[in-house]
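Two complexes are shown next, each including subunit A; its partner changes from subunit B in the first to subunit C in the second.
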Partner chain A sequence: MKSKKKLIAAAIVLLALHLAILLAGFVAPYQPAMQNRDFPYISPTRLHFVDARGHWHVRPFVYQSVARPDSLYEYTEARDQEYPVHFFVSGSEYEIAGGLPSHTHLFGVDAPAQIFLAGTDNYGRDQFSRILYGGQISLAAGLLATAISLLLGVCIGCISGFYAGWIDESAMRLAELFLVLPWLYVLLAVRAFLPLHISPSQTFLLLVAVIGTIGWARPARLVRGIVLSARSRKYVTASRGFGASDAYILRRHVLPHTYGTLLTQAALLVPQYVIAEVTLSFFGLGLSEPMPSWGNLLANLQQYNVLVSYWWMFAPALALVLVSLGYLTVANAFHQQLQSGSI
Partner chain B sequence: MPRLGGLAVLLLAAVHSLAFSSPPQAPQHGEELQITDNEVGHYGGVLTVGQRSEPKTLNPATAADAPSREVIGRLTADLIHINRASQQTEPALAKSWTISKDGRVFTVNLRHGLHFSDGQPFDADDVVFSFEVYLDEKLHSPQRDLLVVGGKPITVQKINQYTVRFTLAEPYAAAERIFDSLAMMPRHLLEKSYQEGKFAQVWTLNTPPAEIAGMGPFRLKEYVPGQKIVLERNPYYWKADHDNNRLPYLDELVFLFVGNEDAQVLRFQAGDTDIISRLSAENYSVLSKDAANRGIELFDLGPSLEYNFLVFNLNDLASKSLAEISAKQTWFKDLKFRQAVSSAIDRDGIVKLVYAGRGTALWGNVSPSNKLWVDQALPHPARSVDHARDLLKSAGFSWKGDQLVDPQGRPVEFSILTSTSNAQRTKMATIIQDDLSKLGMNVHIVPLEFRAVIDRVFQTYDYEASIMALGGGDADPNPEMNVWLSSGGTHLWHLGETKPATEWESQIDQLMQKQMVQLNYKDRKRLYDQVQEIIAANTPYVFLATPNILVGAKKNLANFKPAILEPTTLWNVEQLYFLSVNGSPSGAKQSGAKQ
Partner chain C sequence: MKLSTASKMWPSMKYLERRVIHAILLLIGASVLSFLFSSLAPGSFFDEMKLNPQISSDTIAALRSQYGLDQPLPVRYVRWVKSVLRGEWGYSFAYNQPVRSLLMVRARNTLLLTTLAMALAWLIAVPVGVWVSSRRGRWDDQLASASTSLLLSVPELVLALGLLYLVIRTHTLPVGGMVSARFDRLGSWGQVSDLAAHLIVPVTALVLASLPILVRHVRASMIEVLQAPFIQAARGHGIARARLLFRYALPAAANPLISLFGLSVAGLLSGSLLVEVITGWPGLGPLLLEACFSRDIYVVIGVVMASTLFMIFGSLLADIMLVVADPRVRTDHASDRA
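So, the complex of A and B:
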């Protein structure tokens, strides 16, 4: 029961995160590439409820930030006027899910005040918006690579387990070979062989596809084991006796056994591949400016001065941790259900 | 406990180093030492400097990389030296020199009675030998280009043991500056290898220290691969303070190989190194937060001589199969297009965001800190997106929605190449990308590994635009010849021109040639001002900004006078000494040694 509660909690967090990321344009107050050159490295905007005169406000408000004279990237709040946070405000144009244009943003404040919930980066770009938009890239990378891995894994695992013999032998030895491949070096090698004129986003998609392809071995081995045990069940022999084709047996009697394992694998692989994207961007193989991704955002921390001076630059890590924990909790819950035989 | 253990090792090391470093020789009779005007210091101490990468060689005639030159510069000396503080030439191994009326003949008088760091005497034979090596065509020494004036190499002739005559094919402005950093090499150690044609292989990092000798303030003591290179006092050095103490004061100079800039900062912050140069503005502000507590002092020396710029590929691509880039060159070759780009770029934003305010916007190739040569009359037009749009309109460009299209209706889209090793230039590209998007230009940033960038810009011409930096070597215009002559090797926007491609390039050629043979400063300045104006008007480079030179040192390091010319911090290393004996790690070493 406890694991069910955890599963529900994790699922809600994941759903909320995915929804926010999918609707990044709506949730984010600003465009991810918009630079505010007057506000580089500003710390997260504080939301106030009590104004300078001690009055309570129901609606949270912010103060306008002003750069402290003769200082580097230090700011104070101009407390003479409050700017309340409004919901469903009109702002810059964006597209929902790649199609519908819209102007409405979930929240915002009136100019000249600005609201940076997670501070800004070197160019004064809103980190909160960038984390949401960056999540689109990072999660897409994770989901895409997972889909490729599972698809390949299921195909190869099924064939291998079902037909056994030399097919099984050679497929599994190949799988072992892939398991020991250091994928980071493979990616670096692949990048070096790619022609340089293809655009960074194409390169990125290609690399994600490569990660997904390299990752087929583990799901394939799991699927093969399940298929191997399922094919020798009596009802499979019986159905064969009734003249069922291989395809029918696989679809009707064997594959359903793998679903639980595949779900668990998917939940394990998504965070793994999201982190792979972060690693790629860390090595400069990810998307280039001004496109954000969680890896790009975290790569800022490679600079010592950013690491020690601007704590809010760690914010993308929080999103990464939430997503990873969420998926792993789900995987764990799936696994336990699987053990108890309820999937 | 491990800390104490570390301290004990330090103390042991200090005792070791003190016991084995040779004491300076007392000045000898007949030895013409140079008397320096620095504050008199005291002997002792080890100065540790962090280097980003290992030197590749210790051979003065083949070294081309900065780390090698930095080390070699401390091991060797030149005849005439540019004082890094005053930026003027001053006597070094040459006591004095005379120039003939036509400006072609230099007669150099050497100091008498000097010795190399192995104790062997130094005289005119060593000078003649050194120049023979530098001028040897087979050796491809990077210094050779400088020594070829008017198409002919300088001739070098020994007059007597302490006099050498140099003859130039034609008059050459500020000719004495070319002697700077030309290391004088010991004939007695190197002549045999040179005769055998093996000079390129001498003085590697693995050469035993006894086989390396120079006229510099230090000599090689030890090289530990991957870790450090240790230099010790040259006991025969030819400078003394006005109390007649032979320099240098320091016992040892250690170059630690630490890796990148951040590692340099960490080691400096931890007290492992005593000096840091080439600091970025962000790290400068990180260090300045607790500078007082850590006993360090930071210096902002103002704008450097380096200029960062955006360059468009204007190369002749007829022989290359780069059709896409050739098509875009119709835009790049249009002066109004380049001017529009220049007008739309927020240089103040670059200074603020890339250099954290510690930099200066540029509209020309000469940094404002180069007071002798900068053209004060050069216009500094303010950023104007509207002006940029007007320029584009008058050049036949128009807008489809937000996208800029050229007269043929093609959308304006190009890429800017930057080096991944230089985060600052990638930042500039990000700012420029945003600025140009306001003109409707679609700009991509392509960060590539440094060598790949160099290869594309210099060899294959397979790029559209790039952000690069030049300058920083010397304040004089002559080292810039290569950049501005249409035949020059760093004439980046259009390399390999057999004749000037445009009218204004041929004007620059003439003016640069004229200033080179003009000996009068005022006339030279007038010519060079014209060059700067032509460059600014034709925008072959879109000049962006120059960073300030930022350095730091331990507070107890005395006579520390950083300068904007390279080497910014170690140029007067022979005069440096440690003030206090207590408190700092180097002080701890000394007090430990006394016990």
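So, the complex of A and C:
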């Protein structure tokens, strides 16, 4: 019962995060590449409810930021006028999910004031918007790489478990080899040996392919085990007696047994692969500027002064932790259900 | 008496022999695989030189052939194996020395860091896990499970960066590298404490990263054992709680933990890459990363092989320890053979 509540909570958080990231253009107040050269490294804009005269406002408002004279990266609020936060405002144009053009944003403030929920980076770009847009890249990488791993795992595991013999033997030896190689090392090495300077979309596909392909072994082993035990069931023999083809038996009688395990594996692999992308981009082996991804947003922290002075540059890490926490909770719940035999 | 134990041990010796041969085959496979991966590389170390107008293409070709990079893959592999047998592990283009001497220093640094972290993590995880398992469902168990899930979802990268931030902001500990610049002028006691101060941040990051998994496994395997009838019986005899937990239940729960310990040993060389790079610990991690960027392929292959060696050794160690610790495993394998 308790784990069910946790599962629901995690699912809601995950759904909200994915929706916000999918609709990044709508949720984000600004374009990810929009620079405010006057406001580099400005700390997160404070939302106020009480104005200078001590009056309470129902609608939160912000003050306009101004650079403090004779100082670098220091700002104060001009408290003479309030700028209330409005919802569903019209702003810069964007495309929802790559198609529909729109210019309505979830929230925003009137012109001279600006709202930076997670501060800005060295070009004065809004971190909150960049985290949302970067999430599209990072999550897509994680999800696609997971799909590749599972697809490879299912194919190899099925063939291996169903046909047994030397195919099985050699595939499983190869899987053992992949499991014994240190994962992150291989990932770095393989990525580093592939061309470094190519177009961003190519880099993305390459990254996804490498991350997904290296991880085929564990799902393949798990699927093989399930297929092996399902294969010897009586109904499989019966259906073969009725003249069912191998493909039919696999699809109809064997594969359904693997769904629970595959779901659990998927929930485990997605955060792992998102982190893999983040790690590679952090080290400059993945996606690079100007395309935002959680990895290259975090890479700013490699600079000593950024790490020490601008705590809001840790904000992408929060998104990353939330995503992993959500997925791991779901994976845990699936695993428990699987153990008690209800999937 | 002695004879009978020897004959009982015999089948398991046979089993271990098989495991060792298996491990060696795996190692050979891993070396072939890493060679294949590296041959996928479109560039080589000398590509950067092509951009330099002062170096003619003839010179680069000569360098390539001097280091054997123009040879076909099988020839290079055989050469590399010979060099491993000579104890050189190939040649580093960037450092201009055999890879082995390079690896030895870095591996020593990494092992210093990781063995400390591993020992500490286990020393914390076992008592905590055992305690929490005996308090199943109570507030402390829930606290522990909440904090382990939270810790589990904080990536190592973020953990190390966060620790670094804390330490720098509070000015409590030195950051970066293994020792201070004035290390040579310190007395022997000063040197030890200087090293220890530099160790704290990376060790803490590693312990925090591995702790949640260990605690969870200890708890899970203990809970399974605590439901067994013999524990009920022991409890009925009025045996004290601590003794019950640590002397009765823990040994019975040891098998999965021994396997997990093997995994810990397996990751000794490869588990700390991120932490090392971020905290500036001069171990194998930064070496690998640098070598990746400069396409120093024999260094990359050397580092990957060294850590693979540890991975294989770790799982072998777990198998051996299982055979030693659990008589059931011995007889299982004996009947396996028959």
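Simple rule for what comes next: the second predicted complex is superposed on the first by the 325 of 343 C-alpha atoms of A that agree within 3 Å, B and C clash if a C-alpha of one lies under 4 Å from a C-alpha of the other, contacts with A are read in each partner's own complex, and residues count from 1 in each chain.
By our rule, a contact is a pair of C-beta atoms (placed from the backbone, for glycine too) under 8 Å apart; a residue touches a chain by one contact, two chains touch by 3 or more.
What you are looking at is a predicted structure, and each value in this text was computed from that prediction instead of being measured.
Annotation for subunit A, partner touching more residues between subunit B and subunit C: C. In the superposition on chain A, A:Leu285 makes contact with subunit C only, while subunit B stays out of contact range. Legend: residue contacts after superposition of the two complexes on their common chain; A:Val190 is shown touching subunit C, with no touch to subunit B. Contacts of A:Val308 after superposition: both subunit B and subunit C are touched. When the shared chain is aligned, subunit C comes close enough to touch A:Val321, but subunit B does not. Of the two partner chains placed by superposition, only subunit C is touched by A:Ile275; subunit B is not.
In the superposition on chain A, A:Leu177 makes contact with subunit C only, not with subunit B. On subunit A, the surface touched by subunit B in one complex and the surface touched by subunit C in the other have residues 308 in common.
Across the complex, subunit C is touched by residues 173, 176-177, 180-182, 184-186, 188-195, 271, 275, 278-279, 282-283, 285, 298, 301, 307-308, 311, 314, 317, 320-321, 324-325, 328-329, 332 of subunit A. Listing the residues of subunit A that touch subunit B in their complex gives 33, 35, 37, 40, 72-73, 122-124, 196, 199-200, 284, 288-290, 303-306, 308-309.
Across the complex, subunit C meets subunit A through its residues 26, 29-30, 33-34, 37-38, 40-43, 149-150, 152-155, 157-158, 161-162, 164-165, 168-169, 267, 269-270, 273-274, 277, 288-289, 292-293, 295, 297, 300, 303-304, 307-308, 311-312, 315.
On the side of subunit B, the complex with subunit A involves touching residues 262, 265-266, 280-283, 285-286, 346, 349, 352-353, 356-357, 420, 423, 426-427, 429-431, 433-434, 444-448, 452.
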